[in-house]
Each structure stands twice: as structure tokens, then as C-alpha cells.
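Attaching a single structure in C-alpha cells format; questions to follow.
Note that the chains take the letters A, B, C and D in the order they are written out, and that residue 1 is the start of every chain.
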């Protein structure tokens, strides 16, 4: 069974079909990429998956369970986590706290326990903290855990955001343009990090503009154009496809229609 | 009886619309809750009161002077308390500075004029005419006419004058307006100025028609403007009119048929209801957010 | 006419432009191409004053304009037609055009210009009293271009004019851009339709990750494999 | 100075730092506890008692504004609910102080919960407007509903509170009662803030959308923060009722809410103890100008504008507003 499956997902804003009839599957343990020119519906697609938008038609299944229209925080708690295209790290808290917030669903401390059994609650906190530090170690950020997130350089903030998403221990990690604003060196670090995540058993779905990055990281790529799935294949096939070239470079011939 | 209540209601509604227009315009451009609006309006009205009662100035001259002073004060507030915060700051910060500015103006006015209710001189003859069997005061008729004329004139200005069109464009999209060559800061100052002028006009008309003025009307003015703007759809001119009318009429009906001490709580309840049920107001548009 | 010398621009911590230099002479038409996120729009915004560069110089007709407010840059003769059109949706088509001429005060000439653009774009003439928000995407794009031209600019910055348009409209837009060039307006064209953009321009700059990778004659770049690579990654 | 919610459960500071911290805390505690022994003048103790009331109010408001980022200008209403509930229960229904205190807090919390529900639907600035409207309705109804609230004259002759055998009568008695309430407020809030709940609040303040993607049920947490913060306001109101022995609507005007907001902001939002410094500074500032009582709101207004223009993160805080 596929980890995630969408069936004829459709979303329009006013008259614009942002996502038009997209069906796809993501298997356990894959790194899947999604590309497409600006406005082709990639971000809308991710927002549909994570419950920020509700589709007008179609279904999303996660491990066979229908999650269409489920609230965002519920979707996170059942194992889908994401990052954002425009960095959304919690700026005014420490690096470690960012991760701890990411572990919100994993730290089991109900409200009554905090007031009535404070010592037991504290113990749970401490354990959560240790686990959180392990996540920071993955991205080599452990030695900066007490720093305010806003004081990290941009590339590290992006890694931190991914770490934070990982901290909820998702089965599926969605990365929305993780390379935006990065320099080539930071991109290499990121590529390595993504492979590490996959090796640790998490399925990764990446939306990206930067072709060099996506071609080197993804095993399978889905191309969107004007809200529709245009094709899917491995990086070689995508690069060689004349249709994809046309999407990206435009038509050479005057096309009367 | 009912006719009279309705006419007074429409008059108060027209005044409220006048006060709301300036408020709503500011919100339309800067998305800023201008808490100082009512205090500017009461400052102007009190100034007008002094000019009339103490200096015995010609009524028209006094009103014009007070309105200009109110307009200048409004643009001064914008310059001092808001302009710095406009770039990339949280909206809440300017809300709080706006409140602070409101207190400064209110308190300064209080130091000058005290917090007692004072009797505002009449601007119009104290005659009555009979409409459909009811006595209606000439003051109310004149007030209504003035308010309507000003509102119509302003709408024509927005529609047909170059500067008016520029204001509308700035309220839609600031960066693009600057690409058209519209000076943004200047336009915003003008909007504040006009908002202050209309506010003071409204305040003067209101005080004159009730022959009373007091500092506490300032905060009420702000709330009225808020509520009317929200009812009609904040940022929209037509909405300001409708909102003002609804408020003026309902307020008078409540005062007469329920109790005047519940007229303000009910105004607030209307505000809460509108915010919960239709936060964009009757004519408002929904703004789509992008993630 | 416009000379950009080593500008750096950033949004908060993100460095978007990294030592970009650029030049266009009067009457020239130049394409600026590169994958998404390369910094093309930011470049245009820096020229038109919407964003201040952190370093570098922008001179237009021998005048420094970096850090100058956008409304003054319009008066200097640069019109920027932003990406996504940004017409004033609640105003009529006519008002949009009039506002485009905000910096001018020659009422009679403005009227003539408006009529001229109604001739060039008949659909706008038909809809002159409709709010611009009710126009279709293509019509809005035409309006945005016409509005930009109402300022009688010497240099026109066009950001993604064909984005989201049906193919026949794309051709129409390109035809119009070609005409404008023939009238002697210098044009910087940012375009995702690379092949078409290279066809109608004289020279082109290719951007990647906030830098100008190379520039050259458009006719040479059409066949250049580097362009394809920067869009589709290395093979 | 840079601290955040997570670092409250600090455990890797060095030994000497811990000793120093305990020492400082001890000295402060001793000074606060011993204050009435040194200061005999009851006028000053009275000022201290008002500082205590504002400390409780501001700690609660800080949870709402500083931690969760909700701008509430209706805090005085919850304060008032507490005051009126205690006044009515004790004068008309023969309740003793402790149950009245508890019920006051809980009723304020319930109203907070009800008012918190719209936060899920309404934008930040509209929410602020809602809280203003709520606060004004509360005050106007308290003024108009004479049979129940005593109207503008309020409720008078609230009995002297007694906790078991402790009759709380003098300024000093009230001082210690206040300290107990502050202690309770501080302790319970510290536990809350140091937990995943506190972090969830901060996450909402920093970025609502990202918070929901972390699995945080943001509407529920906003209601939670709002109602818990209101609970403390109810306690403070209850204390005010027995302290003043009268309760009138004029104690709960919008100006009071503004004053609390500005105290929280001046102190610096988002630190547990930061509001206290705001309370002290603002109380002393307005106290110093007592002879110029008519300038009080003018001063507060100027401070509001100046602080936000030049140091929106407050004098001691770090959590600036974020869009």
C-alpha cells in the first residue's frame, strides 16, 4: 500500500484552477520531487495535503485512511509534517525550543498533570528534551541549541525548520522549496541531509525550483503544469523529455492556438 | 412621533456616516485601527465651541477653522505615531500607539476644556416645521442637508478628481500606486487630514444639534466610527454610509422605545454580532490570504 | 541609458541579488531570463525603487537613482509593469489608465494617449467603464502594459507579461511588445517563455541564484545549451 | 538577557550560577516579606497592595498578550467580573472569602472562554475590537443594571474577609494576602509556561500557521490562554473587592485595560517576571505625578507611544510583536 495517495484532487480559486485533477501515490521510503513553473499549483498541492486548504473535489489517503478535510494539527499528529517555502522558524525562541515545539504531539503531558503532578510532568519534559537534542545532532545544530533562532545564518535556519518538522517523527516529510535563497554550498549540505533523513526511514516529498538540487536528490519526479500533472518519471527521463523542455523554455514556433 | 424619531435618526446617521468616512478611509489604506479618530473629532468640536462661545466668531469661519485644525492634528498624529511603524511592523504595535495618541489628545483637551458637559451654541434658527403632522426642528433638517452635501461632494472628489482617484488607488495597492508615481506619504497625510476635517464637521454638527458637548463623546465617536465602518464593510465608502445610517437609526429607536442607558451597550452588541457573523461587513470584500 | 553597477539586494537575511551589473541603451530590447527564484523580479524592483539595494549603483540618464522613491523614478522615465499585473481591481479601466498618467499634467495629451491605447487594445476600449477586476487575465495584462505606457516612459520594465495566459494571448502580448520596441521605447523583458523572449529581443542576460551568469546576443543564446541546463539542471 | 519560554527549565547552568540565583531569590523574597516591618507608613503599604493587584493582573495578561500574542483590551472586564462576583456573593449570599475568591476566578475564566471562542474566526485587530466591546458592555451594564450591581454607586460594605482564623483587616494583612495570591499566580503560571502548553502559546504568538503544522490545535490553545489569563484577573478583582470594601464600575474602564497593556509592554512581554518591572515603573510614574492627577492618562498615553515607537519589545523583554 502506498504511504500517501491522492485521487483526483481539485482546487480552484475564483476562476483559476490551481490544482486540477491530480492523482498520485508516494510509496514508503521514497524521495519524490515535484517541479513545475511558477503558478503551476505545487504549493497549493502541498497546502491541500496538509489541510491548510480543503479540496473542492477528490480525496487524500494516508496509509489507506481518508484524511481529506482533516484539520492541519490532526494531520500532523498522524504523521505528515512539512516545512514552508518562506521560512517559518519561530524566530524569538531558542533553537532547542523550536524543536521542542515540533515535538508537541510527542510529549505526553496533559494539563492536569502539569498542575497536579508537576514533578512527573517535569520528568517527561526532560526526556523530551534529550530526544530533541538528538534531532539537532542530525543537522549538526546541537551546539547552537541555546541560541535564538533568528541569530542563526539563513541556511542553518532552513535546516532547523526541517529538523523541527522531523521532530514530530513523521512518516512523511513535505519540503516546500527548501533551497529558496540558499547558496550552492548550503544546497549541498541540504542534499546530504535529505539523504540522511531518507536513510533513517522517513519518506520525503520535495517541491523545488532548483533543478540541479532536485535532479540530484529525488528518485522520482512529478511535473506539474497549469495545475495538472504533466508527467512523472526519473530525473533522466524528465530532463530528456521535450514536453518538459517546452514547459520551461517556451515554444519556439508560433503556435496559432 | 415615529416620523420625528426617524428624521432625527437619519440626521444622526448622516453625521455618523461623516465621522465614519474618515475612519474607514484610513483603515482602507493602512489597515490601522485609528483609535485617535474620535478624540480628534471632539478636539475640533471643542475648539469650535470656544471660537463661537468665547470669541464670538462668525459660525462658518469658526467651523472651517476648527475643521482645519482637526485635520492638521489628525495628520500630525499620523506623522508622529504611525508613520515610523508603517514599514513591516506588526499591526498591533500601531494599534497601541494609536490608543496612546488617543489618550494624549483626550487628556490635553480635558486639561483645556474640563470634563463637564457644556452647552454648544446653536448654529441654526430654533424654528420648527411640520412634516406629515410631526414637528421637525430646522436644525435637524439643516444638519442633515450639510452632512449629505459634504458626503456627496467627497464622493464626487474621489470619483472624478485626480487626487481622489489617487487616494482610491493607494487604498487598493500601495506599491503599485507608487509605481504610478503617486507620492504615498503625501497621499496618506491628505487622507488623515480629510478624515480629521470630516470628523470635526461631524462632531460640530452633532454637538450643535443636541446643544451639548463633552469630552467623553470622543471615545464614543471612535467606537461609533468603528462600528459603523465594520457594519458597512471597513474601507468602503458606501459601507460607511450604510453603517452610519443603521447605527443612527437604531440608536434613536432604542433610546426612545427601550431606554437611553442601553443605547451604547446595544451598539457594542451590534458590533460584536457583526464581527462574529460577518466580519467583512455588509458591503465588505473578503481578502484572500496566501500561504 | 540605464546602468546597474554591482548591486546587492536582500530580504531580511536572504541575499537575493549578488553583485549584479546590467546595461541597456536607448531603444534597446533586452531579455532577462533564468529559472524561478533567480532574482529577476527582485532586479526589476530594485531598478524601479520598490526595494533598496544594500550596495551598488543604479544610474539612469546619468543620474543616480538607487534608493530613490519609486514615485520619483517614474518621473525620471522608468515604468515598471509588475508581475501578476496588479491592476487596480476596483477602479474602472479608464481610471487605471488615467492613474498611469499621474505624473503628467497635459490633460489633452493624456486623453489622446488613452484613445490611442483603446485603438491598440480594442477590448480595453469596450470595457472602459468596467472595474478592472472583472477583466480576464489577458485583458488585465494588456491594461497593465497600457497603464505603464501612460507615463510615457523611456524605459519599460516588463515582468512576466505572458504568465498564466492562454497561448494565443501570449502571442498577442509578444506582438505588442515588439511594436513598442519599434516605437523606440527601451524594454527589459523578464519572461518565462525563454524561446519567445530570445526571439524578439536583441540581447539577453541569464541569471541564476542572484547572479548574472552570462549575457550575449539573443540569437546566439537560443542555441546555447547552457540556457537549457540552467533551467533543467545538468544532465 | 535573551531568554525564551523553553529556557525556563534551564538545567545546564553552572553550580555557582545556581547558588547565586538562589541567593538573589532569597534576598528578594526576604525583602518583600519583611517590607511591612521596615515601612511602617500604611500609605506606602497601600501603594504596594495596588502593585500586587496589578502584578496579578499583568501576569495573567502577559499569558494572553506576551506569550500567546493576543491583544486583549478587555482585561479590566474580567477583573470587574471577579470584583462584582465576590461583592455580590459576600454581601447578599453570605459567602465567606475563599469560596467567593475561587468562584470569582472561575466565572471570569468562563467568560474568558466564551469571549475566546471567536479568536478562531476573527483576525487579530478585530479580536482586539471585540475585547473592547466586551469590556465596555460589561462596564455599561454594571452602570445601568441598578438592582443587581448598584449602578454607578456600586456595591458597598463588602464584609471583612476571613481565611480560617485569619481576619484580614489591616493594610499589612492585605499585603500578605496579596503576596499569597501573587505566589500562587507565579507558581501555577511557571508550571504552565515551562510545559508544552507554554511552548504552544509561544508558537502561536510567533507564527500561528506554523504552530498548527506542529500539531498544535491553535484555536483551542488560544481559548485556553485567554481563559486562564482571565482567571487570574478574576482573582485580582475579588481581592480588590474585599480590599476596598466597595466596588464601582469606574474601576474597570478601558483606561485600566490600557494601563495593564502598557505595564506588560513596558516590562517586556513574554518573560515571567518582566511584567512586575512594568507594574513598578508605571505605578511609581503615576504615583510620582499624583499631585498632577489630571495628567495621569496623558503620561500613560505618552509612554505608550514612546515605548512602542522606540522599543516595542519593552524595556526588559525580548518578544517583539511579529506579523
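Note that in this section a residue touches a chain if its C-beta (ideal position, glycine included) is under 8 Å from a C-beta of that chain, and two chains touch if they have at least 3 such contacts.
Since the model is a prediction, treat every value here as computed from it, not as a measurement.
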Comparison of B-D and B-C by number of C-beta pairs in contact, larger one: B-D
Chain whose mean Cα position lies farthest from chain B: A
Geometric centre distance via CA averages, chain D-chain C, whole Å: 54
Rounded Å distance, chain B centre to chain D centre (Cα mean): 33
Gap in Å, rounded to a whole number, between the CA centres of chain B and chain A: 48
Inter-chain centre distance, chain B versus chain C - centres from mean C-alpha coordinates, in Å: 41
Multi-partner residues of chain B (each touching 2 or more other chains): 291
Two or more partner chains touched - positions in chain D: 209, 320, 322
Of chain A, residues touching chain C in the complex: 16, 37-39, 153-154, 157, 177, 179-181, 183-184, 209-216, 235-236, 238-240, 244-245, 248-252, 254-257
Touching residues on chain A, where the partner in the complex is chain D: 50, 52, 71-73, 76-77, 81-82, 84, 88-94, 96-97, 100-105, 107, 109, 111, 114-115, 118, 121-122, 125-126, 128-129, 146, 148, 164-165, 168
Chain C residues within the chain B interface of the complex: 48-50, 69-71, 74-75, 79-80, 82, 86, 88-91, 95, 98-100, 102-103, 147, 151
Complex contacts: residues of chain B adjacent to chain C: 162, 165-166, 168-169, 172-173, 175-184
In the complex with chain D, residue positions of chain B that touch it: 31, 33, 80-81, 84-85, 88-93, 95-97, 99-104, 106-108, 110-111, 219, 223, 226, 230, 259, 261-262, 264-265, 268-269, 271-272, 275-276, 279, 291
